[in-house]
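Working notes for the structure below.
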Amino acid sequence: MADVSLDLLTEWLRRFQSLVADNRVYLTELDSAIGDADHGANMDRGMAAVVAKLQEAPPTAVDDLFKRAGMTLVSTVGGASGPLYGTFFLRLGTSLGAESSVTAEALGAGLRAGLEGVLQRGKAEAGDKTMYDALAPALDAFDGVAAGGGTAAQAAHAAFEAAVAGRDATEPLVARKGRASYLGERSAGHLDPGATSTALLFQALDETLAGSAAAE
Amino acid sequence: MADVSLDLLTEWLRRFQSLVADNRVYLTELDSAIGDADHGANMDRGMAAVVAKLQEAPPTAVDDLFKRAGMTLVSTVGGASGPLYGTFFLRLGTSLGAESSVTAEALGAGLRAGLEGVLQRGKAEAGDKTMYDALAPALDAFDGVAAGGGTAAQAAHAAFEAAVAGRDATEPLVARKGRASYLGERSAGHLDPGATSTALLFQALDETLAGSAAAE
Amino acid sequence: MKKLINTPDGVLADSLAGYAAAHPEVRVDPENRIVYRATPKEAGKVAVLSGGGSGHEPLHGGYVGLGMLDAAVAGEVFTSPTPDQVQEATKTVDTGAGVLHIVKNYTGDVMNFDMASELAAAESGVQVETVVVADDVAVQDSLYTAGRRGVGTTVLLEKIVGAAAEEGRDLASVAALAHRVNEAGRSMGMALTSCTVPAAGKPTFDLPDDQMEIGIGIHGEPGRHRQALAPASDIAQLLVEPILADLDFTGAPVIAMLNGMGGSPLIELYLMYGEVAKLLEAAGVTVARPLVGNYITSLDMAGCSLTLLRADDEILRLWDAPVVTPGLRWGA
Amino acid sequence: MKKLINTPDGVLADSLAGYAAAHPEVRVDPENRIVYRATPKEAGKVAVLSGGGSGHEPLHGGYVGLGMLDAAVAGEVFTSPTPDQVQEATKTVDTGAGVLHIVKNYTGDVMNFDMASELAAAESGVQVETVVVADDVAVQDSLYTAGRRGVGTTVLLEKIVGAAAEEGRDLASVAALAHRVNEAGRSMGMALTSCTVPAAGKPTFDLPDDQMEIGIGIHGEPGRHRQALAPASDIAQLLVEPILADLDFTGAPVIAMLNGMGGSPLIELYLMYGEVAKLLEAAGVTVARPLVGNYITSLDMAGCSLTLLRADDEILRLWDAPVVTPGLRWGA
């Protein structure tokens, strides 16, 4: 079972950036319904900055890749998504070593460290209608496949499917965190923008790893 | 040939008030196109006040009728139409005596005194696209009929027709006075609101005198 | 029509009532629709009075106070006040030194103020001088027309002349200064949207989503021409160029006002001022005193206007003098 | 989208450039998007800093100056600034006496300011205290939600706390006052129209011509409910009632702010204040200091909000103290 290389992980972030750019208007529309109409602009600004940073100087190791991505998000996004996605990647980077590749298990553990960071910052619980509702099931699915001996690609695919299901499950929820919570009952009937961008994150990972060495 | 009674002249102003009220929205629409969207509101406010004033205390004589109407317009309308219509009626009243009726000739002379007042205040010339362009031909027509021995009703009918023609002739004009002048060439292609309310004034006179004693 | 009002006909009375409640430092005569200083000026000083149609707030009521106006007379929305109102205010503010009328150049305003000063002179012997502000370069000036509209320069003039009156100058000197300021000021405006006159109930003109009006006044009248929506930098050019073409603004300190029409937020007005400032600098114009905000508005119209005033040391000193009004305040 | 802008992404930078050109009394750091006083506060005095998303002008940049803020940190439109920006401003304004952060209660703002104070404490040893303003009665407060939004009370708090810092009080005392003011303030807002976020290019929500939103915040988020357009007197009731139901405002002097959301003209705001003042008087509430105008806006949204602050002699004295900022100015 091949490890996931630094190149592939870099490609993951690039692909996430391009999915975010493609969905900028859609994410902002979702945020218009129950927030302040900026989630697309925020994520796009942040990921464009991440890709630019990586262009300037290629990452030296997997920890460097994610720490720099996280720091760039923290310092360019603002809003709720900046600290949350930023902390997510910072913790992921910190949990990894200065390696040139990671195993599926190590990646899973790193992602979970990221999730812990999100929880620490945002204090969301399951069902609060936030990105947590896509992130948590995605990681559970990832770990399940990885623990059962699946490849990173298989784990990523399962994570993507779980993130999508988690995203879709936010629709009927009444928000209890973030701006959508101000709407009370009126927040029900809309997808959470952050859960939707989180599903894109796992779509990017799935697409990156599918058919790669990590799928073997 | 019967003189025009104070009652009929009072009825003239009442009828003008009701025509203005009916055309309030229309006059404002005309003023929206080349002015500031208030001519209907201005004339309606003023004539309602005139009718209310006459209700409070009936006019004692023809001069009293028009002087009070003029003063009320001056003190309730504002804008361009307040001083212009106000001065018109003030001068008309001043030119008449404390009589209970007027001859067609005296009425014509009084109207002309009113026109002089409008000219003095507004300094408009023929073709400037103002109320003058309806008022002047109306008075010429009135005097022509009256001088030829026609009744006041016949004179009023001729004046109304001339006022309508004068009003319609303002449409292609480029305004040189009033707010419409700010539009330059863009003022062409629209009726002048003040000329339109002036046509209503003569419509009211025509309708009041037709079939009355003054028509004999 | 979406407005925070009770009834279209009650807008002026209701708004004046709120103004009185919000500003104990002024006194409102609700019947005559006149705003006075709560503490009148000392006897022997020239009184400065202005007025006009409503819908331009803070003009004029917002400029009543120390160092600016003694009274503001409010007409209906976009309709000049009547001679009676103006005469009443004129009699009340006169301390014996005479009264300056500041009138924006519109047929209705000029006629109503003229009638008022005739009445004031005849009935109460008050000495009245009048300055008619006519500064809008969007309007061609000629002997045969109504002349230029009075717009943004009015605000600057009320401030400067108010300071001169506060110093105790006599009526002739205050009036002469007013004429000098009027001749040194030029304005140009544009609109992104029409305003809606409450009594009319709908926008005065229709403006497609991709068009703007250039050369508008402050009464919702359409402008000189309509053109495709453009970036702020182009709009700045459309405002600056005709003003600089009309009067030389180099070689003197300039007061520049970037004014909002009522519906444009401050973030956009500052942005516009930035574009204007760049062009003025490139043209060799020195802005000594900038002013950005909603000072002479047109109800809820989105858009802005630029006013430049060619100043000198005296005018700048008067500009900097203390002013304490709801709409303009500094130095005290 | 009709706006006086160049490009949607350039709005903030361009507007800050114009702000800098218009106000030599402040200094703008364009890279970090921070507004500072041109003349920093004397050493040894607590510095007061605020910030948040842009689009609420004059908040916060317009409140930088003597007697109010030392720095304002601007995020993108409706997006909290980043920790780096806040940390940079914090380090710059600290005179050794520590820095008070005034943060409006939004998840993003709270997280970014938290990270900034962690960084500031760790890296530069600056002592930071934070007050999180949470005054919007339209939002239900509970342990399990994000809590109330921070809206109008922010303006009043920045003024009052700024005056206290200017007096030379220490950080603990300034922070305690800030918490006290926050607990004494309540707000409620409504909208006639949605705003349009430049980067989104169209209105955040659709509101039919005969409907209004009640309980909106300042970010274009829809309100708690939608209802038929109503007269100003009814709207006043919809604002006053939930505020008075939430806190007792009788028996103390009250500071009342009737705030415009950016697209409503002053004539309407005064009218609304008149309606509000009547209701407050009937409810036995004594308004000691009224304030009417655009102070904390939501881009070009039409609508208004009401803020009441239960004051006392100390708070009133600090309110009356001199303030010299582009957005609020008196006493000097």
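Quick notes on this structure:
A, B, C and D are the chain letters, set down in written order, and residue numbers restart from 1 in every chain.
In the analysis below, contacts are C-beta pairs under 8 Å (C-beta built on N, C-alpha and C of every residue); 3 or more make two chains touch, one makes a residue touch a chain.
Predicted model only: the values in this text are computed from it and were never measured.
Counting hops only between chains that touch, chain A reaches chain D in a minimum of 1. Chain A and chain B have centres, each the mean of its CA atoms, that are 76 Å apart. Centroids of chain C and chain D (each the mean of its C-alpha atoms) stand 29 Å apart.
Per-chain Cα centroids separate chain A from chain C by 55 Å. Centre-to-centre spacing of chain B and chain C amounts to 33 Å, using the average Cα coordinate of each chain. For chain B, the set of residues that touch two or more other chains is empty. Per the contact rule defined earlier, chains pair up in contact as A-D, B-C, C-D. Across the complex, chain A is touched by residues 53, 75-84, 106-108, 111-112, 115, 136, 138-140, 144-146, 149, 197, 199-200, 204-205, 217, 219-222, 224-225 of chain D. Of all residues in chain C, only 2-7, 11, 14-23, 54-55, 57-58, 62, 192-193, 209, 212, 229, 231-233, 235, 258, 262-275, 277, 290-292, 294, 297, 299-300, 302-304, 329-332 touch chain D in the complex they form. Of all the residues in chain B, the ones that touch chain C in their complex are 28, 32-38, 40-42, 45, 74-84, 121-122, 176-179, 181-184, 186.
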